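You will see subunit A twice below: alongside subunit B first, and alongside subunit C after that.
Entry: the complex of A and B
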């Protein structure tokens, strides 16, 4: 694989341990601006664990230990001088289950900008909320009811609200952990279209169980198996001419 | 696909055995439901009996018998307000023997009684509190002096009980508190329509007294309220902060396990032990005032803390982790995660636990006995350092009193305590609904 562009995030030889369990075994992977990288593989292969290393969400798990080097713009994110709170603002995350706060739609989106002091005035904040909801393709559906609770939206709308909430803090990277697994096909299509639109501005990594989804939304695909990164490269190459036996078996549905 | 050739026998869903099993299952279910309903009915019956008994006993505690007498406000006893300075008049009224006025009124009604001893018994049909009643009347209205006016005076507790029918007139005289002679006087006054029963506001506005007809619940109510305020101010912040720390920040290790076990054990410690602790620490070491709501509140706070901590931890634990993830993923600091999201969502549960703890503290007697809140206190406490008593202790004190009339006062005080409790629970329900959020 030849990378001509400079990588936004780079992982080098990353190992993750949960106590004695070696969950991720020496993974090296780059994430690029303007690109969606799909992480695929059977359950328990370490793809979600790896994803959660990229914004240090694993820090909250007491038994979790991360080795290796992960950089964001050439800065080591596990360096003690890095503020994890700011890191998570720069590397946003969307979760498997839509998890809006039990607050109004407006407050959901405004929460990030508020805690990071991104808006100087109420007008600024209104602007951020509007733009975020527009980018998430939700504005037209909710503009008349910004004060109603975010939890009253449908599942697909909730997930797009979560994406709007992540966008609102102006991140550089967005990590998505199976964002469509709890959604119906129509909502999934909307979120996928949104991901496609967002890739111009952010480096995106998406964990998915759906091979079709990986093929539809990603430019790069990485196949994980048993904590190893088996193969990664351009999505078209992985799906049409995989180099590894295991990759071929997985994408043709022979296991997993 | 199958790895074995063995196959299940075909199931006969209509066999006798199957039918019998189904019948048995339905029977079990019916029996269980019947037992459940029975349990509810028994519990409800006991509750109704308990409340009914207390309410029927306590109802008359809010009422008091009075005797109306034509009191001559004699100048010879009280002095003439027109000839003296107001201060001198007040001074004289305060020192005047009001019994002489009552005696004079009684002489009008019962001119035939001249025996000194019988005259004294006659006066005793009126409460000792009647003296204060007359004094206050005269001080409020000095122009009464020189006139005769029909005044409603508190009856003594025995006459009160007689009028309420609590003393059996047919019992032999030797076993009766009201003797035949007094019964005759009472009957005469009664026939003249001078004995009346009316709502007794003194019970709700005054402090304790040795005389049942003068005793009130307000001192104990204020004492309880002050004690609970101290308890709440100490136990709520400490309990909630401890719960948040243990649940959200503390590392999970031996030490925190040990702390958790000890908090659970502390919740099961008999309350009197907390009383002993309060006695030793707050009075013995820190020399805080004895019998004060401050010390009572501190002691009850110690007792309530485990309840609040356990309830708060449970409701913090019940906040879905996805909410924490969402906030963390946006770059919220651990404290922001807790105070912006976890605590607001856990608030209904925390408040419920707190109110349960406070209700427990409200009904607690034993620890208060140890720190001296069992003293006989007439004054209404004005601050947390004044000597005071509390509602359950007042009930305990009255239940222990020999006077017949304190029986209904005890039940009436229980009614006041229950009202206090219901009000607190009502507040809890209101708060919970106010803070409840759905997700």
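Entry: the complex of A and C
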């Protein structure tokens, strides 16, 4: 896709191998601020693998090899000079299963700012925690029990806590891998409303198996199939008049 | 196109398609029946056409219900979404065709009471053209033939031209025989009805085309040679 806007993140001809398994086959995709990109496609097509390349989560997988170029603000994120911890603060991630630390709600959110030295004082830190929880739409529900364990929250609250944790370090990009798959429709709607809220400040990529969720939250949709990017375009176009037969078959439920 | 993994989804869409097709067939029958009644001054037949219109109304309601079920249960997207939305619009358009046929039947009843009068030949010619448009557009729908839909859409001009001639012919007769202006006005309106049936078929063609290709059939309206539309009094 050629875009006139300057991309926040750019992936160019990205290939990923797990040993001999060629999981991602030359994907080029841009992420923009102000925009949510939904990654859809059948299980095993490489969505999570691609997403994890964007903040180098795949570094921890010994067999994994990434080729191609991924830049954040035109800077190659695989350049040896890049500080990976710093990168993951700028490119935050929210996972399928809410995974709060076994710590208090406060400490869950304060953890990142502490290790990145974002707060000069306790007052600073309080401020960051409050604002992050507010942005994540969780403040009102937890403000009276910041000391209780994050794991004691409901699944939907835990997921919003994880989003608060991700945004506490001032990221520029947020990656979400099936963030609502364990949530009920109300909690899902809250997370989706939150994604709408957040999209002005961050570039967001979300992996989802729900076509309706992709249609609801994203402005761009990318359809992956067997490691290829089959089609990428405006979400409204993809869901009304997809160009590729494989895209149509997948989103209309005609696959296999 | 492949079937859906969920067979029931295909069944629901097939049902919706069947209703649309039936409506197309019925609208054609109604047009043929109305013209036969007119040519034969057959008030029984005209009465039947008027009564049969109810079936089209009912089918439109059935289609709406079937479409709502698909929306609620399947959240259709892409080709399926276009198909369901187009079905709703098409049934509305076909129901209108039926209304025009019914109006012809109603006028036939009035004309029959006015004593013998020569029916303008051109009305038959218009009706044949309109019928062919309905047949072809429904054929395009059933066989997903976008080219045929486009062809029907382009052919609307033929009917428009016939309508213009009919208008001039009938107007001429009005001037020759002012005492027949009452019955001739009915013919004028019947010509208009036939032209409107063609318009509906054209609109159906647009829907068929969009369903198949996902792009609108040329937004830009082709130049109309229809001079009558602004001069005619509106139908009752």
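Here is the rule we go by: the second predicted complex is superposed on the first by the 253 of 256 C-alpha atoms of A that agree within 3 Å, B and C clash if a C-alpha of one lies under 4 Å from a C-alpha of the other, contacts with A are read in each partner's own complex, and residues count from 1 in each chain.
The working rule: a residue touches a chain if its C-beta (ideal position, glycine included) is under 8 Å from a C-beta of that chain, and two chains touch if they have at least 3 such contacts.
The structure displayed is predicted, hence computed values, not measured ones.
For the three-chain model obtained by superposing on subunit A, do subunit B and subunit C clash or fit?
Aligned on subunit A, subunit C fits beside subunit B.
State whether A:18 touches subunit B only (first), subunit C only (second), both chains, or neither.
Once the two structures are laid over each other on A, A:18 reaches no partner at all.
So in the superposed three-chain picture, is A:166 touching just subunit B, just subunit C, both, or none of them (first/second/both/neither)?
Touch partner of A:166: subunit B, not subunit C.
Check the residue A:116 against both partner chains and state whether it touches subunit B (first), subunit C (second), both, or neither.
So A:116 only meets subunit B here.
Quick one: is A:62 in contact with subunit B, with subunit C, with both, or with neither? Answer first, second, both or neither.
The first partner, subunit B, only.
Of the two partners subunit B and subunit C, which one touches more residues belonging to subunit A?
B
Kindly classify A:212 by the partners it touches after superposition: subunit B alone (first), subunit C alone (second), both, or neither?
Touch status of A:212: second partner only.
With subunit A at the apex, figure out the C-alpha centre angle toward subunit B and subunit C and round it to a multiple of 10 degrees.
Spelled out: centre of subunit A as vertex, angle of 140 degrees.
Counting only touches as set out at the top, which of subunit B and subunit C does A:241 meet: first, second, both, neither?
Second partner only, subunit C.
A:86 contacts which: subunit B (first), subunit C (second), both, neither?
first
Which value in Å is the smallest Cα separation between subunit B and subunit C when the structures are fitted on chain A?
In the combined three-chain model, subunit B comes within 11 Å of subunit C at the C-alpha level.
Between subunit B and subunit C, which residues of subunit A are contacted by each of them?
Shared contact residues on subunit A: none.
With touch defined as at the start, can you tell me which subunit B residues reach subunit A in the complex?
Touching subunit A: residues 251-252, 320, 322-323, 325-333, 336, 340-341, 345, 437-439 of subunit B.
For the complex, give me every residue of subunit A touching subunit B.
Residues 55, 57, 60, 62, 85-89, 92-93, 95, 97, 99-102, 111-112, 115-116, 151, 162, 165-166, 169.
Going by the contact rule set out above, which residues of subunit A touch subunit C in the complex?
The contact residues of subunit A facing subunit C are 211-212, 215, 238-242, 247-249, 251-256.
If we count contacts the way the header does, which residues on subunit C are in touch with subunit A in the complex?
1-6, 9, 74-82, 214-215
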